[in-house]
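In the two complexes that follow, subunit A is the common piece, with subunit B as its partner first and subunit C second.
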Partner chain A sequence: MTPAEARQRDRFDRKSVAVAEKMLRRMREMTHKPAALEPFLETLSRIFVDREDARKPQDIPTVGTYCVMVPPEMIYAQGAMPVKLCGGSYTAFSIGDDISPRDACPLVKAVMGFEEIDAMPVYQNCSLMAVPVTCDCKKKLAGWLSARRSTAILHVPANRERDEDMERFVGELYAFSRQLEGITGQPLSYENLSAAFRLTANAQYQLSRFIDLRRKHPKIIRGTFAMAAMNAMSYTWAPEWTAQMAALNDELEAIARSGENAVRENQPRILLTGSPVVFPNMKIPLLIEEMGGLLAADETCMGERGLYDPPAVADRTVDGMLRALANRSTRPCTCPTFADNRRRIYRIRQLIKDYRIQGVIYHVLRGCLVYDYEYLSLEEEMGKLGIPIIRVETDYNEEDVEQLRIRVEAFLELIKYGGNQS
Partner chain B sequence: MSEKLNAEVRTVLEQLWHEHCGFAEIAWFFREVDAFFGEEHLKNYHPELIVLGEDYPPELALSVCDHPFLLLGGSLETTHWSDALLPRDADPVSRSACGYLLNDHFSLIEKATVILTLSNDNRRKLAGLLRARGIDVITVDLPPVFDTASSQEAWAAEMLRVADEASERLGKKLSYRRLFRAAEEAARIRKVITSFRMLTLNSPGCMSPALRDLIAESVFYAQDRAEWLEHLSRLTGEIASRQQRYYPQPDDRPWVITVGSPVIFPNEKLPMLLDASGLYLADRIDSLSMMTQKPALKLRRFGKPESLVRQMAQIIPGSEVSGAWTVNRGLLNSMEDRLRILPVDGIVYHVLKGQIEYDFELPEVERMAAEYGVPVFRLETDYQQQDVEQLRIRMEAFAEMLRQRSGERMRIAQ
Partner chain C sequence: MRRNWKKIMTGTAFALILGLLAFFAADIPFFTFPETSDWAMAAADEQLVEIAEMETGNVVFSAGWLEAMLPFTIILLISLVCIVLDVLLRKKLYQKNGMPRDRVRITHRDGQKPRLRFGFEMIRWFVMIASFILLIWGGQILGVTLSQVQLPVLACPYNLEQGTSAGCFLFSHLDVLAESSLDEIFWFAGSFVVCALLFGRLLCGFVCPLGFVQDVMHQLRQGLHIEGVSLTEKLYDVLRFAKWVLLLIFLGIGLIGGSFCDFCPAITLSPALAGFKTSIYFSGFMMVIVLVSGFFKRRCFCNVCPMGYLLGLPHKVSLVKLKKDAVACTECGACYEACPMGIKSIFTVREGKNEQAIDVTTADCLLCGECIRRCPEDGALYMTFAGKKFYTASRLKFMKEYADGKE
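Up next, the complex of A and B:
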């Protein structure tokens, strides 16, 4: 390592730890934090502050995934652990900024920065990177990563209605399985895939309990906490996360019984949708809740969407289960990578109804063009429903926080005093 | 308002009109392009098939429709028409294409089926936008890699599916005979364009590079391709005969090639800027110019469409300059070819705002150019004219640097 590289590494260490600590502190300082949330925050702290690798029960390889469309069941089944590596670090972003095009999205810049700085065990210890090609930046990231690391590139069909599209994605999953077998030596079998399905089904059950609780009691927990718990899932062994979520659900049920609320009655209920919110970039959720709003629900891939849909197995064979995974990963998905994504609007309408949403914040990470394209149609739809919507474009730095704060505050006041009774 | 599009086209044509050494045949190409963009023509033009994107093989389009319209974008005026429909960061090519399709001035889509290759995010979202407005769109979903057997198989299957769907809509069955004829015609067009280009390279002073490229690409606006072929052959003949009679004037301008985002008529800003800065644009490596320079297929008189498309799958994707691939190998290979065979002094890396996929290739392009000792100049722009003077200053500095380098090399050689 040259002296310049050592200095850069040192700067990265100090700054990235400071940002992660700051975000964790802000979350811990928020009122009405359930005690059962702590394990999730500890996981994030272990990964981003203590720089540890993801904890696994045995010495098995980890597989880095760059999108929720990579089925974790396959990775568990073949004897590895999935970790979601979409980057949210401001410091890694600034390193990635030097080696990527100016207009690349910050998430991809952060990933490139992590890869370049070679300082995060959770990134460096991955035996395989799985990159579904969902947008231009991910496509180019896949090419860039494959020159450095063992990489599985998954072609996500842009259309998903026809059987042929699904057939092609099933083919991609088979190819991915062969690559997994290359690193673990374990082929896909009915037994191991069934066991992996059970792992994620348990996690999904706990998540559905959590979602159900939030639907029935929208004020029971702050959305920032929910997002932290979902982010922690990225680096946690599934059964461990399930147990943590079960404990959180138990505590929330007790809170619900006591009739206690995490926020005041008149706090505007906000839905966050758009580009993913990846720890430590918790800027937007924190701003919403620090400014007196309640992040009641989110429609982002790092939030509930990541584990929301269970696979529907019609044929109990390995092939049948893979098809169920291919279906689950694409058909109900509301990612704007798909050419026709009308279902995202239906999903948002459903969320608005379920969580009695009063306003929508549309999060666009600079350069995330696919989300930006869908803003106009959503704005039109929200206009019909009479739900105010605001587009917030941001980056991975703190420079725009005060401007965003003013906008978010004004938006919340508009809802609070504007007579929106949705 | 469509007269504004016509005025934009006319302005460029007027600028290019005098940029040749008096070849009579050129007038025909001007008339053809001008007529295509004429107000009346656009109002009454209702193609059956519109192909949006350069990644769909013209052979396949021609095999299901005699006169498909290749919609390229390129107009500043049509980008204005789509302003309210697309996000701020959408690239100008998609903006312009969207403006051509969705506007209040003419209706290209009245009877059309649109084939849209999903080679980037803009195209992908454009497909949804067009469908939401009731337009019949067939999407071409390209695999992100092209050099594996499975991806070639996927490419061939997708191309065949799209051709089949289009043939069903247009009522023209995809047959080997039609595909063979279309491939033969495409090969003929490429052959004539190649000899035309080679001749103009031998005497760079015979016409400006912008005019040369417009003539080569005017095939996309020709009403009758056979007639177009005849006129280009005649023009090539005129140039050849001029070269035999007169010794070509030596041209001491530095030679550059442009690499990256496509230059699409009527947006001739970049070629004109290069010309004004005293640089000779020897060749362009972009998705559009490479359409006319693809490797030839081995055609057999009898067979099945599948076998020919499979052959295409082995040849075409690898030679394409397309943002669809994780690594744009076609761009790098084509660039290396030019660096080997042409006396290239510099490379202008052209990035249209919003075409991020090309920006990702820049480090590789710079690395390869460094191996050949050729400097690279990155130029980012859009279809607006506001940045022309700034670009001119930068370009002139680049040209000055190239001249000094070339002078230095001459001195060392002596």
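Up next, the complex of A and C:
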């Protein structure tokens, strides 16, 4: 290590830990924090503050995934543990900034930064990286990563209507399975696949309970907490997360029964959608709730989206299950990297109905073109529904916080006193 | 242009071959009983009700019954051989392509106990089994047959002791229909109209014995976890074409002097089970196709069945409807993946008069409810009877069936 590198490493160590700690502190300081949330925050703290690897029951390899379109079921089935590695660290971002074009998105820059600095065990210890080719930045990331590590590149169809495209993606999954076999020595089998399905099924069952609770009682938990729990899932062994979530659900159910609410009655209910919100970049959710809004739901892929869609196994065979996974990973996905993505608007409309949303905040990471593209059509649709919406463009930098605070505050005021919505 | 020509040529050739096979079906015997060899032909000309007085079926497991079951047993054996051969061939193929061995391994367990859950699916199986028994042995059990009622499904009325008669006979023998008494025409048309209005293809999903047999084959494969054949749009197009050809044969063959019954797979099933010795012509080969294809592709024959399609045609006025809430739907495609009829529109349709209640029923829909069962979105798909919801997709229901099943 050259002295310059050592200095950079030192700065990274100090700064990234400080940012993660600060975010965790801000979350812990919020009111109405359920006790059962603590395990999720601890997971985040272990990974980002203590710099530990993800906890696993046995010594098995980990596979880093860079998008929700990589099915975790397959990774569990073949005897490895999936971790989601989309990065949200500003410190890592600044390192990645030097080795990527100016206009690349912060998420990919952060990933490259983490990879470059080589100080995070979750990243370092991965035996395989799985990168679906979604947006341009991910595509270049896939190439960059594969030059340094063993990487599986999954070709995702650009559209989902044609059956041939689905068939091709099923083929991609078989190829991915062979790569997994290469690192774990375990071939895909019906037994291990169905066991893995059960792991995620239980997690998804708990998530469904959670969603159901939130729909019935939109004020039962702060959205920031929900997003933290979903972020923690990225680094948690599925059954462990399931147990933590079950505990949280039980606690929330008790709260619901006793009639207590997580927040005051007249807080505007906000939906957050747009580019991924990855810990420790919890800037926007925190701002919304610190300014007196209630983040009632989110439509982002490190949030609820990450585990929302279950695979529907119509055919109980290896092939049937892979088809279910291929379907689940692409067809319902609201990611704007697909050419036609009308379903996202419908999805948001449904969320608005389910959570009685009063305003939408559209998060755009600077450089994330695909999300930015979809803002206009959503704005138009929201206009028809009479739901106010603002676009917030930012990156992982903390410098614009004051400016954002003013905008978010004004938006919340507009909803509270605008009077035209109930 | 060249492609189109090729398509038209192969299509015509296919239709011709099928038509010739159907027309000369009676000359391709699969299994004939010497003493009754002409019985089927006779029945085609006479009125079934009258023959009912002359013939009675054999009691189950009597020597006569076993004899009557001989052709069906042969059919089962041939089907079994075909299935085993297919599995072995595929094993070879996958091995060569370096596919996971488990794609074709048969003896695997998933450590999951089968859980019986009361609901639409269970009711469907219950009704299917009950109507299978009643349709086939109804006369023997209850002592009466409602032989005037002509259910428009392939419950073969060559079995003279089944619960009701079936409309398929007169549909495929329009010449006989033309000479029938007004009374009989009234019953025939009346049964069809009432069934189509009240149930539509719900009869396919719940009642038809040939449909039931295919579902049993599918269930068998599910139990063995043998990989099936998943069809894509293109293959469904082929099936759709075959369906129209069969429909033409079904309606027209009687008029040009053939008999669909020598071609129809259903004749091998119900009469034999009721103990009627029935000579089988090309039907025997058809039944092998039905069983083998039904094993690898759920309800494959229903995709080409002319009777079911006719029953589905008036779906616009039928009281049973499949509806979709386009806002709740995430276009996840689970319904399409689950649908035995490959009806893609249930998954893609987004526009409609009322976005929350788009009628997605088609003439192909069996109303089997598989799509609703696999739909993970609350209220995205549902079935209505006269506007009343009676089966609705629900996420928690879905998750309970899918997850370990706590609670």
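Structure notes:
Here is the rule we go by: the second predicted complex is superposed on the first by the 420 of 422 C-alpha atoms of A that agree within 3 Å, B and C clash if a C-alpha of one lies under 4 Å from a C-alpha of the other, contacts with A are read in each partner's own complex, and residues count from 1 in each chain.
Here is the rule we go by: a residue touches a chain if its C-beta (ideal position, glycine included) is under 8 Å from a C-beta of that chain, and two chains touch if they have at least 3 such contacts.
In this text, all values refer to a predicted model and were calculated from it rather than measured experimentally.
When both complexes are overlaid on chain A, the residue A:Glu164 reaches subunit B and subunit C alike. Of the two partner chains placed around the shared chain by superposition, subunit B is the only one that A:Arg102 touches, whereas subunit C remains out of contact. Looking at the shared chain after the overlay, A:Asp136 reaches subunit B, while subunit C stays out of its contact range.
In the superposition on chain A, A:Ala339 makes contact with subunit B only, while subunit C stays out of contact range.
Contacts of A:Tyr375 after superposition on the shared chain: subunit B is touched, whereas subunit C is not. When both complexes are overlaid on chain A, the residue A:Arg198 reaches subunit C alone and has no touch with subunit B. Shared interface residues of subunit A, touching subunit B in one complex and subunit C in the other, are 164, 342.
Every residue of subunit B that touches subunit A in the complex is listed here, in rising order: 85-90, 118, 120-122, 124-125, 127-129, 131-132, 139, 141, 143-145, 150-151, 154, 157, 161, 323, 325-327, 354, 356-357, 359-360, 362-363. Interface of subunit C with subunit A (complex): residues 98-103, 105, 108-112, 221-222, 225-228, 230, 232-234, 326-334, 337-338, 348, 350, 370, 374-376, 395-396, 398-400, 402-404, 406.
Looking at the complex, you find that subunit A touches subunit C at residues 160-164, 166-167, 174, 177-178, 187-191, 194-195, 197-198, 201-202, 204-205, 208-209, 211-212, 309-310, 312-320, 323-324, 327-328, 331-332, 334, 342-343, 346-347, 349-350, 353.
Residues of subunit A that touch subunit B in their complex: 99-104, 133, 135-137, 139-140, 142-144, 146-147, 153, 155, 157-159, 164-165, 168, 171, 175, 336-342, 367, 369-370, 372-377.
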